[in-house]
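Right after this note come the structures.
One chain, subunit A, links the two complexes that follow: it is found with subunit B in the first and with subunit C in the second.
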Partner chain A sequence: MATKRPPFWQREQYTPFLLLLPAILTLLFVVLLPLLFSLYTSFTGYRLIRPESLWQWIGFRNYQRIFADGDFWTAFGRTIIFLTIALNLEFLFGLGIALLINKITWGQRTLRTIMMFPMMFSPILVGYQFKFVFNDNIGILNNALQSLGLSDGAIPWLVDKYLANFSIIFAEVWMSTSVFAILLLAGLFAMPRDPLEAAKVDGCNPWQVFRHITLPFLMPFVFIAMTIRSLDVARAYDIVDVMTGGGPAGRTELLWTLIARTGYDNARMGQANAMAYVSILLSIAFTYYFFTKLLAARKYMGGAE
Partner chain B sequence: MAEIKLNNVIKRYGKTEVVHGINLDIAHNEFVVLVGPSGCGKSTTLRMIAGLEDISDGTVSIGPGVVNDLPPRKRNISMVFQNYALYPHMSVRENLGFGLKIAKQDEATITARVDEAADILGLDELLERTPAELSGGQRQRVAMGRAIVRHPEAFLFDEPLSNLDAKLRVQMRTEIKKLHQKVKTTVVYVTHDQVEAMTLADRIVVMKDGHIEQVGTPMKVFNHPVNTFVASFIGSPPMNLLPATITGADVVFADGKSLPVPTRLADRVRDGQEVIFGLRPDDLTPVGHGIAESGDSARLTLDVTLSELLGTETILYTSIAGQEAQGKMFGAREVAPGETLEFDVAMDRAHLFDAATGKSVRVD
Partner chain C sequence: MNGKLRKQIGAIATWVLTFILMVIICVPGLWVVLTAFRPNGEVLAKPPVWIPDNPSLNNFAKIFGFGADQVAIPVPAYFANSLIIALTSTAIALLIGMSGGYAFARYRFRFKNGLFLGLMLSRTVPGIALSLPIFMIWSRIGLIDAKLGLIIVYVALNVPFTIWLIDGFFRQIPKEMSEAAQVDGCTRWQAFWKIEFPLAKSGIASAGIFAFLTSWNEYALASNLTRSTDSKTLPVGLMDFTAQFTIDWAGMSAMAVIIIIPALILTFLVQKHLIAGLTFGGVKG
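Our next item is the complex of A and B:
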């Protein structure tokens, strides 16, 4: 009796695809389609208030416009500066905290938990908290400075060009230093003791031990934290939006506050999507950079005990 | 080159005292091995000499001065660690030269000294590799190289061979010995392996529970152990230790077997004294199968329960008054379990320890 060829979904070579189908479909609908759709809209004059404009193909005009737009490049540059300052400060503070906590023998667990508190708050709430702290009329910072006689006027923390950016970076650093601290502390815990002792015997003073042995060992952990945080900071939106809304007069505008304003407030979704694609390139560049550094730093660590 | 003096050195962790007043003088260029079971305080003592542990009490001096309050970097010593402790992110060359670089030596000196050390230890081919690319034995050699490039006052070795396999361990042991003959320097070497202690040491320091049990040359410690601990710890297979009673001029075991009191110990024991009779397996040999030796000798007839053929020699398991005892047979011959053999007992090499204190009845 001639056996009938089974239907194609029962054939062996298709089984893997059949089993992967839920994942493939999910990725397709949740990631790939929106991605393609937003890419498409960046080539249209799509405005949220005029749905029919979705079909208005304008080629590269959105990109031409943003590349010629000074505000976009200012936000772009400010984002890079913001990211550089915030990441370096978080690294330095995180390293300091991790080194100090590593020295403590009593109450270390409690301190570790306390250290993570800032991470437990929503960025929106952190934004509101610091908006209150830095408010020039009712903020506790100005209040404290004036009560202590350190300042006699109201310092415009959230209005001045430099102070406003400082205030936002301060909030960002306050919230996320513990990411560095925790990862670096994990690194310090994993660190073998012998090379440290060997370095001491080899003639190193404590600073040299740190510089030549501890720090190189920690670098992979630093780069992991940097990768995570660079993605985080490059898409910074919530704290900025709550504290200053990108203002006053665009003085604290970062990429994503600009994109959100263009897309939702001005309803120019096509142009916003074009900006978003450019800014994603920035994130990819940072991730790639830190990953390269991470791999280079890790290369030496394998296998040696 | 320096002598190292430990004067009543004590180490406490909180209220627990782990090293109880060590006194030790180590001469110029002497190779001293601290040996003992794990937890006896030998590593702690070494780490106090290195400055990696605080000294709770007493003084350590290296060369002319007391170094208690000096950090390790000011003691001018080198240390080789059990886990090699190489710097994983540096090449072999950088590992070797690191101490010199820290000491701000110029580039030419560093290169010359590193090449010299690499030459002594056969590391020339490996200089550009990283530790991850080396085998255990090579890593150990790099660790030793790192110690010798600095031309220190003293070398400290902390169980350097424990992580190597048996064959490599023997090979590296020889290399350390050769190294010490080439690079004459004071060495303090910690191990739990009595074979390493015997083969390497100019003087052995046997430690137990934070005390020094005996200090002496390998021959002295082997031939004249001061107590049952040293007797059982040094030598392999270990010395047979058999409880007995002195009755008149005889050593009598619980099962009635007896041996005469060794002549050299006759005036050190009293009638009725409870003793422990110590005899190395090498000195309990079937008649005709021993190492030909004249002297004070006695005979015992014993049942052999088990035999282990090792090639040139055979270990014979027997028992005296219910205590297991081992003998050795030189010259191969089949021995059936249960066979009864006549044994020569080399009485001039036998030991008597007081049963109550465990101390040898003759310490000199």
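Our next item is the complex of A and C:
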């Protein structure tokens, strides 16, 4: 009864690894390997114009330099503030829109489709669209304000320090609120009716029902949306690059535009890679935070596994 | 009576809010679309012309190189590049994603959770941060300004999310169905193609559309890895219009419409699957 042992690729316990091999290889080659290489470069004085500088090991000097650099910290702080404001607004507006659309019965489907509109836009188009809207001379916003007699001059939306940052946050919120709205709406649809009616019978007012039943039920959906969003927060680079390019005079510089300027325009690859690592850790921290929240919320829901 | 009045006010407030919302969502895009059909003089007109006086397809003809006054920007080449790159990378990402998603949905194995987390983490790396080392490596092996270079990058970009979605769709199919087929004499391979694949087909299609859109819309990596008409995609080409001293708003708007139309159609096709895939994949874990 000597059945020959099948070769290892036909053995059951290796099948999943074989199936996953193409995925693992791709990510190894396109993500992990380059990241290791850029980790190495961040410890060298590599400049694009002097190829031999790739072998010039300078230890932590790039990191020391960026951590001592005022521009870096300004961009870093602005990025954190930008993300905090944008994500909170997206959550609030998304929740509002979901509750609103959930209430409407006539034409709900059309509204839902329109609501998904911004999701189809690529960030570069959102950036272009709002560069156009906020243009001080021919933009629709200034034109509308002037036609209505609300302002007589051309408001420099994309030039003034505060207005430019406002415009960029507006574009970002416009683009990404629908992620929250859609997922929260799905949550509202999936919500069981019984607890709501029980609460009403027990004499809860609408606010109490919302606060103690609807909102806790929606929390996992909020964290899914947050996790999905934290995966692509860096898309804001596209928007800023089109709308202001980080300017004028660095007033809208985010971490990501600063990386691009340092690496490609100033050709300081080593230093740019050091900054890139800071931005990668930032993204991972965001994602990890919301992912653990999601797991906790799932457990609370009892829906795990 | 009082309660009825309050209800009516509530209903009116709901509709007013919804209306404002829809205006904010629709007007900016609508303005771009309208501009795409205007002559350039009308764009700069003061006071503004809201509805184009005599709409024309002139801007589209211009950017595609027809008619007397053409733009010096090779939009047809960019369009072809975008299409080739997005379609190829989607097809490859789907194959890889199907095989990976099936492994996650149907097998138990060591390091499963760790691998899954690793796949997802690879997606958190900001495009611009990833572009630096890829730029350095690609320029050494000659993949800068080549379609193949971008295709490889986009496959890697799409694989994690494709696996996540497809895993969810396979998991909704009861295991017993393919097991029954195997009892009846199918191999696992046959069972997959005859039972599981047809059932998950629409889900896989929507994962594909999602991957296509990611590649079609990507900018941060493409703008740094492409140089010329050999590989520049539409989003990168859009910036050609601003690189000149005057911005050609009408031409740019026409190009924006060209970029958005395929995305618009495809998203409408899959919106239902997309929502289901995202929520159930996430909540049920």
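Heads up, the rule we're going with is that the second predicted complex is superposed on the first by the 273 of 305 C-alpha atoms of A that agree within 3 Å, B and C clash if a C-alpha of one lies under 4 Å from a C-alpha of the other, contacts with A are read in each partner's own complex, and residues count from 1 in each chain.
The rule is short, and it goes like this: a contact is a pair of C-beta atoms (placed from the backbone, for glycine too) under 8 Å apart; a residue touches a chain by one contact, two chains touch by 3 or more.
What you see is a predicted model; the values in this text were computed from it and never measured.
Undergrad: When the two structures are laid over each other on subunit A, do subunit B and subunit C clash or fit?
TA: Superposition check on subunit A shows subunit B and subunit C fit without a clash.
Undergrad: Thinking of the overlay built on chain A, is A:T15 touched by subunit B (first), by subunit C (second), by both, or by neither?
TA: second
Undergrad: In the overlay, answer first, second, both or neither for which of subunit B and subunit C A:G246 touches.
TA: Touch partners of A:G246: none, neither subunit B nor subunit C.
Undergrad: Check whether A:N205 is in contact with subunit B, with subunit C, with both or with neither, and answer first, second, both or neither.
TA: first
Undergrad: Answer with first, second, both or neither: which of subunit B and subunit C does A:D194 touch in the superposed model?
TA: first
Undergrad: For A:V133, select first, second, both or neither according to whether it touches subunit B, subunit C, the two together, or no partner.
TA: Second partner only.
Undergrad: Touching A:L100 in the superposition: subunit B (first), subunit C (second), both, neither?
TA: After superposition on chain A, A:L100 lies in contact with subunit C alone.
Undergrad: In the superposed model, does subunit B or subunit C contact more residues of subunit A?
TA: Comparing touch counts on subunit A for subunit B and subunit C gives C.
Undergrad: Who does A:S122 touch here: subunit B (first), subunit C (second), both, or neither?
TA: So A:S122 only meets subunit C here.
Undergrad: One more residue to check, A:T113. First (subunit B), second (subunit C), both or neither?
TA: In the superposition, A:T113 touches subunit C alone.
Undergrad: Between subunit B and subunit C, what is the shortest CA distance in the superposition, whole Å?
TA: It comes out at 8 Å between the closest C-alpha atoms.
Undergrad: On subunit A, what residues does subunit B touch that subunit C touches as well?
TA: Common to the two interfaces on subunit A: residues 301, 303-305.
Undergrad: Help me check something: in the complex, which residues belonging to subunit A touch subunit B?
TA: It is residues 192, 194-195, 197-205, 208, 212-213, 216-217, 297, 300-305 of subunit A that touch subunit B.
Undergrad: In the complex formed with subunit C, which residues of subunit A make contact?
TA: Within the complex, subunit A contacts subunit C at residues 13, 15-17, 19-20, 22-24, 26-27, 29-35, 37-38, 41, 97, 100-101, 103-104, 111, 113-125, 128-130, 132-133, 138, 140, 143, 146-147, 174, 182-183, 186-187, 190, 220-221, 224, 227-228, 230-231, 233-235, 237-238, 241-242, 256, 259-260, 263-264, 269, 272-273, 276-277, 279-280, 283-284, 286-287, 294, 298, 301, 303-305.
Undergrad: Touching subunit A in the complex: which residues of subunit B?
TA: Where subunit B meets subunit A, its residues are 50-52, 71-73, 77-79, 81-90, 98-99, 102-103, 130-133, 139, 146, 150, 156.
Undergrad: Contact residues on subunit C for subunit A in the complex?
TA: 14-15, 17-18, 21-22, 24-29, 31-32, 35, 43-44, 47-48, 95-97, 99-100, 102-104, 107, 109, 112, 115, 118-137, 152-153, 155-157, 159-160, 163, 213, 216-220, 223-224, 235, 238-239, 242, 249, 252-253, 256, 259-260, 263-264, 267-268, 271, 275-276, 278-279, 282-285
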